[in-house]
């Protein structure tokens, strides 16, 4: 199996998530990092590429130069896809340009700043037919996929209620004043968009609910707050949700909950059972059937379904974690690209990755949340 | 120390909570069960009293007969207080009559059906000067009292956010159809009041927040749902909260979350720390200071405060639980009654029990929640 | 149902466990505390009885006076049983004297100091026919009884291995120097016997294994250590066990494991399943069947067996704990006494309490452990 | 930084651990897989190398061919090290030959079959000066390194007691009959050595204790059992340990504990504190200081030491797991190799990996355990 070649835009020195993307892509030996434009400053971009051993003719100061160069190269050498891991405001121009050039794209979340941009991007992708993946990485966890399969198979009956929480505490003080890079851009509307915590982590929560339950959001009622004085975006958000099937939900997201690290938790309550998953202990999924004791499902067990099995590398008790989940998203995109290149359709379950539609729905969720929080009438319909 | 004599109204055969009250009062040997009117049907009341060994002349068919009989007895024999553990609709007439007669009262929650009734009861109590306790039993847990003391002492800075959940699943099916007694009256508006889950357990959640944080609720936005077809009251409720100090909150309550037993959890997020307590593991309290690792505080430890110490019977690792917490509420009332009888003031921390004011605030919370859930404009002010 | 009258020997001021026994007996309203000789010093005994409201003519300075007085009283007034909660060295003379006088006995553990004493006591009990219970209180937990029933029913196949641990840390420093009462007598061979931690808590571990598994110990290999300088008895012990059915075991006990509170844990590994129970979270029992995921069994659940059901007062999620387990042991003794008094045989499961045989086996376990630890050839047979 | 080139011996089709080694080496982009002899059958070896994209001239049927070929290549192309991941019996010949040829070696555990072999290997390594790493992978976990640093820094005082457990259940039935590859060779004395569970996982337990505490074992007393009929090696072992500083220990290891997955746990009890770490939740380390509540230390926290910091890739709450720990061992070896190549000494903490001495000590531990279990006098000295 040929390794897929990729370029990265963003993810240079001081970045956090770019290195995670690279490790995730390296893990299984299916992808090769060959080119990049790794920072918004050309000098930093070049230096970052040197750190990482990029060949000098594929280590660019700007993403435009990277794109131009790739298009000049013969197909046998050209990148198969680009991974866009910049701050949010650059997702749109970069992803659109590469997609427009016929290069497959993996883009970090939240996808873009506005629904308008999402629509435009969708048009480009539809036209050029490129594969487009969005790194809602938590969907790559095997036990999330098990939960999804269980809900779809009716293991918990009809979904009645969802509680999703994403609790963090790292912004409980005004960290952005220290110029810490992650805090700096995430609290800046120009780069982060109209939302703070809701955009950064609330979007993961929304996606996790949609992925696992398949439910469609009908309306929401949001309360967004900025607790840290001087901060320009929300750092805490709490939402009531209503789904089109009559289910209800609560979505909690915060970056000021002291002591919380990366506490993403999803509970799905059905008419005949309940599922409970926590990202910080990702190898287990709790299942409470209505007619028996709670069961601790563990990754790698013989009694799990096909989707979880596919996403698993190690036996039970040998924990897998964040990077492996990330890698699973990339493996889904890779399978998709390979099938596309071969002119075939991916086998069921093979191209398992969040899509442009997921990304677009996430953008709309952020817009509607901000609208609800700011309006007089708080309950806001999604359409 | 003389044992306090008490009568019970309600709590006969098939009742659940009456027996818990009696065990709680028996535990420490400070109270003596001497009289009762234990059921709404006279025959069942008498039979229940016989089961429990009540003397026949103090085993009554109606609470009115009980009250009349007690008032005829000499003081040295008369009950010190009455414990009212009937279904909700009887709290008001019974509690008012005994208070009016100058007999101290302990009443279960929710206190009464309406704010109007709560006001009338408050007038009677103010006039006669009786001690009035409300069995918000969860406030009796030592680690809840530790949390309260920590918040008041500034251990977590200014409170910014509260998440309180009360997750149950026992009404996920239409249990009331089977005539199971607990389900039957709790889902009947005539006996339970205008609210289902919100009244039954949401009121505990409200009280826990108020007790631990001391914050005043400014407004709320509620979404109440009845998931089980044919049920006449809500079985699920989710609320956004705003407090007068600017803090925000989420209150989740449900009786249809399959697999959840009695999962009451309170998280309080302050500017410099977080507290996390779960009723199902009541002997521990998690404390996350902003400048160090999470600490597992355990009941009985040398480093806890005075209020927790007072409420503790056993050394660390020898778990205490539900009944002991209940007993602590009664011990607080008893200390109050003893001081009153002696014409003294209870020492600080001695008469530690929820009061009529707590009960009245709880009734208002239920009314406003139902108002919010039913209104067009969902955010509803408490005043 | 008439309340059983009891006297207590030991358990006065500063004692810890006596108060627990009294609360346990008070809890369910089936027993009445009417007489006592509560301390080894007459003055302290009398003062302690006054604290607790004993009538002055039944509040004695010595246990001999108590016994003599009871024997003079008419049967309708006389105690039904005595509860012996003194330091260990007094168990034998007191229990023997009351049993010899035909009064039922409940005695704390370890039963006596020597197998010789245990035999003598057994002869007395056999002769007079009194009911004799030993307060191995941990066997009163509903989930321990569930485990016992599951093992007996074959739910985990043939037992292959047992790991039992009793981890404490309260004697990690030389607490006895401070004259803290609990530390003082437990580290004194004259009062505690030939063993320290092994006698105090190792005996509970032994009993828990025997109760749950029904296995017979064939031989053991012990390593006992005194870590705290100047201490006269072991404060740490680790044992390898062999059972007559070929099963193997490990028994760990310590009072110097800093930070451990009362961490008694039992794991039983069978050929088709495993059980895991921890005293500090007593309301749950983990069951791992060989062909499915781990199940969290919780007290009060509909799918538990009869023995657990009998021992349960509250619904699931409303935790019960240490005192309730203790009370269950007493309820078993009480049922036994009532049946005996009525000349009947207790119904199966009704008189569920540890017996003299359990106590005697525990004494032998301590002796053999000390023998093994001190011998050149460490593996020591039980017979 | 140039990528180190490596060859692998073993780890072909159906192998489990070889793929883990490759993923671990791929993760951080510092190593490159260039050659191999991946199975004991030449045909399977070649096919496995083709699966993994090895160049055909570096994809060998035997390890001898691989070695001969590498020695012919120019240094700029030759492998920097070999990773030996065969069944145990091949470790010795392969590792010796490569070390003898001056090629750095990483070898899986247990190192070799006998102390004699370990000595011979040590002589070769001393003579040629190659870097030799042993993949006791659990020592690569950041929180294990934190524990090691805390013990060394005196954070828990003098170590008094150690409990180490390695609980597995996958061999509770006679899995080897199905020819499952992992079970097949591990239960075959010819390939696995004189020990079963004790060799396979007990050796990890021994190493973890030695690594974290630095204590030297003085003697041990072992009970080894084969529970599954027909099996030729032990599948369960329980040991008492004595250390030269007077500390005591218990080592438990099993592969027949149903429901246990890969439950490696280490508890270290010191005079002023306790540490508790579990492999299945590797991102946390519990620390109980004698004078305060238990603290939950989490990977990535600001208050951890240098060794944990070095071994960490992701922020707190973004879990790392098994592969990352494995990768940390390889990174330590790589740093060692780079320093050696540069003629320098690795910086303190940089070449953090288990060494040949660890491996040799582990072999001796296995020998002495088997000796103790088989002898009449069970306590066996290490020297």
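Chains: A, B, C and D, in written order; residue numbering restarts at 1 for each.
Rule of thumb we're sticking to: contacts are C-beta pairs under 8 Å (C-beta built on N, C-alpha and C of every residue); 3 or more make two chains touch, one makes a residue touch a chain.
As the structure is a prediction and not an experimental result, all values here were calculated from the model.
Student: Taking each chain's centre as the mean of its Cα atoms, which chain lies farthest from chain C?
Tutor: If we average the C-alpha coordinates per chain, A ends up farthest from chain C.
Student: If you tally contacting C-beta pairs, which pair wins, A-C or A-D?
Tutor: The comparison resolves to A-D.
Student: Can you check how far apart chain A and chain C are, centre to centre, with Cα atoms defining each centre and the answer in Å?
Tutor: 55
Student: Could you state the distance in Å from the CA-based centre of chain C to that of chain D?
Tutor: Here the centre of chain D sits 44 Å away from the centre of chain C.
Student: When the C-alpha atoms of chain A and chain D are each averaged to a single point, how far apart are the two points in Å?
Tutor: Chain centres of chain A and chain D, defined by C-alpha means, are spaced 35 Å apart.
Student: Scan chain D for residues touching two or more other chains and write them down.
Tutor: Within chain D, residues 260, 294, 298 contact more than one other chain.
Student: Which stretch or stretches of chain D touch chain B in the complex?
Tutor: 287, 292-298, 301, 303
Student: Quick check: in the complex, which residue numbers of chain C touch chain D?
Tutor: Interface residues on the chain C side: 156, 160-161, 163, 165, 169, 172-173, 221, 223, 225, 227, 236, 238, 240, 242, 248-250, 252, 254, 256-260, 267, 269-274, 288-290, 294, 376-379.
Student: Quick one: which bits of chain C touch chain B in the complex? Just the residue numbers, please.
Tutor: 1, 3, 16, 19-20, 22-23, 26-29, 33, 52-53, 168, 170, 260-263, 279-283, 298, 300, 313-324
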